[in-house]
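One chain, subunit A, appears in both complexes that follow, with subunit B as partner in the first and subunit C in the second.
Coming up: the complex of A and B.
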């Protein structure tokens, strides 16, 4: 177990070093920021989907809640950006607690209810009657604290944190409890696992990671609209990235986001007119030939994937 | 000793000559790179592609004449357009704008269509000290006194749009007004301006409400408005809102003395095909080129000539966004012709120099100190039926008027 933990820490360290030094070599910082953002979100989704089997189609709701919580902390409470990022995570965690009854549902019912909840949140935030609080549909401007470099490295810290959380779950008894719940929650309960508590912790951690990511995103772009941070495209992209790499591991969502986001940008830059065609073909190939993700190739050969 | 000294001096001379020639060679680019984004999918695709096509047409025209004259180098240099597809996504757009600035080293940065896709470009352009030519992003929060790196080229900021509409209402003594607007930056700023101006003039605003931008059914709202018995109903919305509003109005059988919507004057064909000629008859709008015919211009070609050339180039008649895309090209051309030095702040200073003196097929180009467009005015037009055909008359302001308004509407 110790060996596996050290190996996984090695991967996290390498990723951190790459993103620390990459801006000095490749200065499209927005691309690198988005890459980190999607890896962190894919890891956050992995916590709930990869280990408990709950697919949150409305995962973007936590992301948006984080972006808005942090922004309101900056605009109204005049909190410094780093504290506000934490508030963003806490705000999403709070939303996670409010939405906890959804965990009583399962399968498609949970996915749809979660999607509806994220849309409800979007309409609440974008309500013109709440203009004095959320700025309604007219967007938020954080131009006064715009700092792309600081927000970049804060995002890196969130990425590392998300990977450490997944590492902890992957290599702890708590993770084993979650996997047992994923297989059969009644059997897990009979074996002494506190199903409700374990699921709630995973749900809250997943929401917290998405909230921190949303808060960093808000700081990085500095001007955004509700539609930007509650866009369902974000949920879809993150789910596809996690599935492409393979869920239930640290490496799967990481590899998925690294490959697919790079490919996404590569096509967008080199062959924008064929974007939909090429991206669609890639996803079809994935579904047909690698339904358990890229890392399943190694797992089938009994090679340990962190 | 002598040999050593002569070797030192000859080396120094060589280095000086080499560095001078290499600097000279580097300072005159072989092409002017214009970097821009467009969306081929998503909610902004239709508008974005139209705007992009207008810019491409301008590049095609300029390059067919050997390029654009750059005053800083006193020579003509061809244009190279570098364009990426942002898929209507702001996150993708941010990465692509960054790609244009940091990897492609675009000399000129042109924003994608509208406020949402422009919003991510504004802080990036400021951070990298690159002048952003904002074509149609009219959001007021982009233009701040501390940011000299943004200029709005082809539309006034949205808060200024209803100036003439307010004057028209006041002048015609229309004293009971209903205002319904979609809850977004663009429409809210118009509603606020109109509301404040009318209130100041003592006009009674009997209905003033926002609806979500996704509203597609106005039937109940129209009856609520009718219950207040206004003389004029002003609807500020996006094209989908205007279409739904006018369709519901037609099917409801309700009549108002004056009905105003925003987009029939910009996207006439789209509105006509969805609402029909009867649905547009006797309603009012802001007309924009090509409905508005500016032929007396001092930069580029007039609208008649543009329409013919654009049709020959693309096989289609131009719409307003084609004009807007072409117009930003004209402003870029004038900037390069005027700037004494080839750097971003000189470009901004050059724009300040010719602001208020340039009249294009899109109207007067004039920006304030923040870079916001204040020159173009949006007159008021009314669609009327003549010989069973829909015709547009400009009814206000007086200097542009082609006919009197038919008020109240029959």
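Coming up: the complex of A and C.
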């Protein structure tokens, strides 16, 4: 267990160092920021999907809730940016608590209800009647605190936090209890696990990570619309990234986001018409031949994937 | 130790339990027999909190456990096994028991609880195997090991001997007797009277969701109603 923890810490450290120093030699900072953002979101999704089996199609709802909670804290309460980022995480966590009853649903019902909830949130935020609070469809401007440098490194801190949470879950008794619930929740409850509580904790942590990420995004771009931060594309992309790498590990979502987002960035932007095609083929191949993600190649050979 | 009165469980309009009264004193083994579909498994499911009852009373150690969650009931010291084993398939045998050792009870050292549970059911030699790779009989024993790791004061055991040969039956019976001697009260559900006969002289026979008879196995075999439900018509 200790060895595994040290190995995983090694990976987190390497990733942190890469993103600390890369901006000095590679000038496409927005690519690096988005990469960190997608890794963090894929890890956050991994907390709930990889360890409990709930597929949150509305995951972007937490992202948007984080972006808006942080922005409102900045605009109305004049909180400093870092505190506001935390408020973003807390706002998403609160939305998570409100949506807790969804965990009573199973499978596709959960996924659809969560999707609907995220869109409901979008319509609330974008509602012109709430213009005085959310600025409705006109979006948010945080130009007064615009700081790409500070927000970049804050995003890095959130990325590291998301990976540490997954590391903790993966190597703790709490994580074992989540896996037990995923296998058979009745057996888990008869092993003494409080199933509802364990699921709620995973759900809250997952929401918190998405909220922090959304808040960092808001700070980094500083101008955005409701449609930007509640876009269903974000849910889909993050789910695909996590599945591509393989869920239930730290490395899976990391590898998935690194490969697919690079792929998107280098081919998708220069040759979008080929990109869609290649992307589609890649996903079909994955589903057919590697349903558990690329890291499952190692796991099938009994190699431990951190 | 366990007092159940007038227990009712409905599935739609069907009453799988229709006012069952069953009680066991501390330290005893009670056999629970009855034809297929008489409600034995449902009784265990309701008492252990897996199904919510529709009426009646359930007291464990003087405390009502009626409609409590399974994990709460486990923490009070009551656990069960499954007729159809429900292992945590993707986890190893050891991890299966570890979850129970960590979450089932605050008392005792986790490693000791795992070892002693695996030892009691003689599964130590397969502890690194994946639970899904075990035979069905081994998976039932694994279920017993998980229950033991939660430090139970009482166990509800559901047809653990079904499908076993004479030699294996004896081994399981000895195992249960030993656990009982260590102080675990039990209700042992079994179709086979010969198996119950080794364990206890106190049997309840259920039929159609109610207890029909209580007494020794010998008395049961001479009771007209019991003979009728067992032989049918």
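We adopt the following convention: the second predicted complex is superposed on the first by the 304 of 306 C-alpha atoms of A that agree within 3 Å, B and C clash if a C-alpha of one lies under 4 Å from a C-alpha of the other, contacts with A are read in each partner's own complex, and residues count from 1 in each chain.
We adopt the following convention: contacts are C-beta pairs under 8 Å (C-beta built on N, C-alpha and C of every residue); 3 or more make two chains touch, one makes a residue touch a chain.
Just so it is clear, the model here is predicted, and its values are computed rather than measured.
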Partner chain in contact with A:80 - subunit B first, subunit C second, else both or neither: neither
Touched partner set for A:190, first subunit B, second subunit C, both or neither: second
First (subunit B), second (subunit C), both or neither touched by A:141: first
Touched partner set for A:176, first subunit B, second subunit C, both or neither: second
Sites on subunit A touched by subunit B in the complex: 27-31, 33-34, 37, 123, 126-128, 136-139, 141, 143, 146, 148, 217, 221-225, 227-228, 231, 233-234, 264-265, 268-269, 272-273, 275-276
Subunit A partner contacts - residues on subunit C that touch it in the complex: 48-50, 69-71, 74-75, 79-80, 86-91, 95, 98-100, 102-105, 143, 146-147, 149-150
Residues on subunit A engaged by subunit C in the complex (per definition of touch): 173, 176-177, 179-180, 183-184, 186-195
Residues of subunit B that touch subunit A when the two form their complex: 40-41, 83-87, 89-92, 94-99, 102-103, 116, 119-120, 122-124, 126-127, 139, 141-142, 144, 183-185, 188, 210, 212-213
